[in-house]
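Here chain A shows up in two complexes: once beside chain B, once beside chain C.
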Partner chain A sequence: MGQLGLRNLTIRYNSKPVIRDLSLDINDGEMVSLLGPSGVGKTTILKAIAGLLQPDSGSILLNGEPVNHLPPEQRDAVLIFQKPLLFPFLDVGQNIGFGLKMAKVKKPVAAKQIDKIMEITGLGNFKHRKIHQLSGGQQQRVALARGLVLEPSVLLLDEPLSSLDAELRQQMRELICTIQNQTGTTMLFVTHDQSEALAISDRICVLLDGRLRQSGTPAEIFYQPADADVARFFGCTNFISGTINNGTFKSGAISCATSLDDSPETIAVIRPEDIVLSSSKRNNTMSGKVVEIQFEGATTRVTIKAEERTFTALTLRPDFTKEQPVWLHFPPDRLHFLPATAKP
Partner chain B sequence: MRVQKWILFFSVLLSVLLPFLPLVLWSTSERWFYPGLLPQSFGLRAWTYVFGTAGDQIVTGLSSSFSLALVTTIVSLILGIPAGRALGLYDFPGKKMVSLLLILPIIVPPLSVSMGLHFWFIQLRLAETFVGVVLIHLTVCLPYTIFVIWGVFTDYNPDFEEQAQSLGASPAKIIVQVMLPMILPGITVAALFSFLLSWSQYLSTLIIGGGKLLTLPILLFSLMDSGDRPVAAAVSLVFILPAFLALMGSAYNLGRSGLQGVR
Partner chain C sequence: MTGSSLHSTAIDAGTGRKTSLLQLSGLLGPALATVLVLFGGGLALGLLQALGYLPATGLASIGLQHFTRVLQDPDFSKSLFLTLYIAATSTLIAAVISIFLALSLMRWAADSRTVHFILQIPLTVPHLVIAISVTLLLAPAGMLSRLLSSVAIIQTPAEFPLLVNDGWGIGILTVYIWKEIPFITFMLLSVLKNMGTELLEAGATLNASRLQRFSHIILPVIAPSLGAACLIVFAFTFGAFEVPYLLGRTYPLALPVWAYKNYSDIDLLARPEGIAIGLIIAAIVIIAIFLSQIVLHFGRKRGLTI
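On to the complex of A and B.
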């Protein structure tokens, strides 16, 4: 069992609200990421859930029970910090067993649990190693194991991969997913890395300006952003404003059927990789000029000026030159309309 | 490289041990008059005096010096660790004032501190008591302890404690199982300072103790006064030995736990 509920959580820092009116539910066995830019207060939320700081208002529920009054050591939520924070005076096994020792688990039982979790996290032979003999990735794995061994209702992870290099991060990401599948531990994972959140989570909660902007599956967040800020946060800067009349969205030469209600002002977004660049005119096209080309390896980022607007397109073919006239084609099924209230 | 290492080793050894040579010579001399470079005759008169005739006195002196230094060290650690932590980790109004007040007993000559406090101690019935002498030793030891621990805590990451707390450690357990092991090297240094400072106190012990508490330094001075140089040298060596052992012990402890892997 591991359910977490946040109800109207507000946290102030120096009397300035960092988190405003945050409500969130995480179901048993779910892997949820809390995604937002640095300094948005993600760590603050985790600390509040773990009990390391008191929210100014709102309640925190663990398995349906309010835990606001409980000190951190009595909460069934374990926080794993960004840095491994392994105790240098203990060896690997003792570090992993620290929480069990605090909970007064009998030694033989604890030893079994430690061995099991070391097996799962791939630390099999490191039990008696000193902390300074481990690499960064191994240290982070020990930190993870130290939290997991307690089998908490919720495991809170505060950007545990941000200090690792790219390759190691990828391995750890997979490891966390595997562990999550094996143990079914409910996890709340904080990150500022979009791709990490998309790859790892069952559900993503996007946190911007101290508010929860959108919560949904990675695909929903990615393809159907709730507002322009969320879209921008995921690298989508292509906004087309137009009108909806009789179930048709119109903006210049672009028209597309929609089930949305009529509206004099609607904004459509399209992902850079969904814009099709072509040399001839088609349906739903706009003429433009290439302004900038950035070769990024697998794809090339092309910035195009069309009808006073700037569009970014990702293309697989890097055969463009500056000032080259191109046609931008917007496939109707790839356009996503922002709700009327959300303006860019 | 090898030769350089040996030269370094011997020069350190020499500079540490050489000052003891005159003491050893004096303590084993029977007759040593000007202009003899070495004593004219050797003998163990001083040592038989120290361990025989004055044996009881020396043992009393040793035990009272030791218990004073031990109690002073423990009390200064109990007070110094929280104070050093507060100064090292937190900013609070009046922090500069506090640090100035802490330095004061070190700057002001111990004679004035002891004389001034003696008056109060008499009124509080602390003069000529063990507790009184511990208190006067603390005026010297506590500032040093606080300064050492202060330094340790400026380099201390309190996140370790939050991590421990989230793993289920109660505040008391955090202190014993996380904080103390983390700062152990600092505690060792502070304890050594405190112990040695208290061990070598003469003036303050004499003033506050009023001669009732016969510590080793007081015995040593009275023996030196009597003009019996060989005996004074022998007592000096006895006086140095425990301090030397404490130093070696803490050096061993520091070398073992070290600071490696803290980060």
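On to the complex of A and C.
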């Protein structure tokens, strides 16, 4: 069993609140990502859960029991750090077995557990290797195995892939998902990388300005951001202000049916890849001129000025030129309306 | 630069400039020659005299008789034991205190220049000054005994326990411990600074209690540096002369004092024995230094930053 609950957690640093009134529940076996930009306090939350720092207020519950008063070694939560932080004086097997040794698990039992976790993490042949003989990716795998072998209620991962190159990152990401599926360990994964969070999570919690701004499935967060900041954080900068009258959203030439109540001021957002650029006028189109083009390989990012507003579109076509007149089509089913309180 | 002997080059890590061995020899030659002549020459001359070659006194036959005489002297084992006791005890006590001092200063020392400055003070004070200070402070007629007597804790200064020129070498140990603590603490602080607190935090989340973090993380990390530092200070205290000379008893004598007394004896025939003792001391010191390097090498091989 591995349930984690945070209740109204506030953490201050130099009397300035870093985390404010954070509440969060993670269910048994769930893989949750805590996503936010660097310096927002993600690591601080993990350290508080692990017992490495005390929150100023609020409570931390592990399997329903408050653990604020417990030292780190008595909490059933293991933190995997950004750096592997392996013990250089121990070999791979000894590093993985460190926690078991501290818990005074009998040697034969520990040896079996170590072998099992080494098999799962693909470290079978490295048991007697010295730490400095391992690559960065292998070291991070050892760190992961060292935490997993203790079968904690909650495994806390603090950007463990950030120091790895793109290919290793992908491999490790897949490994973490596989292990999570195999072991059913409850994991709280901290990252600033949106694509990483989207790829591995059952649920994403977006942390901005020390507050939990939205919690939901990757698709919900991506396509239905709770506010403009969350939308921006996921790369959506296309905000269209308009009005809702009799179940229709209107903004210039754009018109779309909505179930929302009438409102004199409503903001709709649309993802860059959902804007369709064409050379002919259709329904829900706006005319504009290309002002900037960025070739990004598989896609091209095109910035367009239309009706005194700037839109960004991602298109597979690389053949745009500056000052080129284009029509922007906004498919109604791709427009997402922000709550009235969540203006950009 | 070409030529077969000049192909070997050393690369300056900072500038990336290559320097040939010939250039290196030219640059280091004068300093090396001075060291070799002064130190090596002195050692060779001493060895000759210890082997009995002292033409000025009429001794010209070379042999190990002076070493044998020293080693067979019943006082040798007493002096050796006393010297080992002083060096080992002061090193051990200083090491224990230094570990706790380094651990308690660990968080401050990373940023605080004041801590480093305070630790540097005892390093710069000569042993002789400390020895005299300890005499003035701890001698039966010293400041402490007079202070205790003036506040009536003891009736007369004569009641003050013997802490200088005493059988347990307390005065000598006090000086050495005072001098060794900052040195060992510096060595440990540097290692602890490299280690940082993250390794301990990792240990804490892996079930390690405070005591287990000390025994299973801190000790293994500092062990090579601690071992090397201890061997270095052991070597120094084993071979140092002035403190046991000032604060030690007249019998048995610490080995360096015995060597000095023989060497400076009015009887020139005692000089070879003095030098023989000095060479025995030098051999033990060199072994200790050599061991310290092995310990450091072992630590580096284990992947520790030293």
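Simple rule for what comes next: the second predicted complex is superposed on the first by the 344 of 344 C-alpha atoms of A that agree within 3 Å, B and C clash if a C-alpha of one lies under 4 Å from a C-alpha of the other, contacts with A are read in each partner's own complex, and residues count from 1 in each chain.
Here, a contact is a pair of C-beta atoms (placed from the backbone, for glycine too) under 8 Å apart; a residue touches a chain by one contact, two chains touch by 3 or more.
Not measured: the values here are computed from a predicted model.
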Overlay on chain A: chain C relative to chain B, clash or fit: clash
Chain B versus chain C as contact partner of A:V78, first or second or both or neither: both
Touched partner set for A:F89, first chain B, second chain C, both or neither: both
First (chain B), second (chain C), both or neither touched by A:A103: both
Contacts of A:R146 with chain B and chain C, given as first, second, both or neither: both
Chain C-contacting residues of chain A that also contact chain B: 47, 50-52, 71-73, 77-79, 81, 83, 85, 87-89, 98-99, 102-103, 130-132, 146-147, 150
Residues of chain B defined as touching chain A within the complex: 157, 159-160, 162-170, 173, 177-178, 181-182, 184, 257, 260-262
Interface residues, chain A side, partner chain B - complex: 47, 50-52, 71-74, 77-79, 81, 83, 85, 87-89, 98-99, 102-103, 130-132, 146-147, 150
Contact footprint of chain A on chain C as seen in their complex: 198-199, 201-209, 212, 216-217, 220-221, 302-304
Parts of chain A lying in touch with chain C, wherever the complex brings them together: 47, 50-52, 71-73, 75, 77-79, 81, 83, 85, 87-90, 98-99, 101-103, 130-132, 146-147, 150, 156
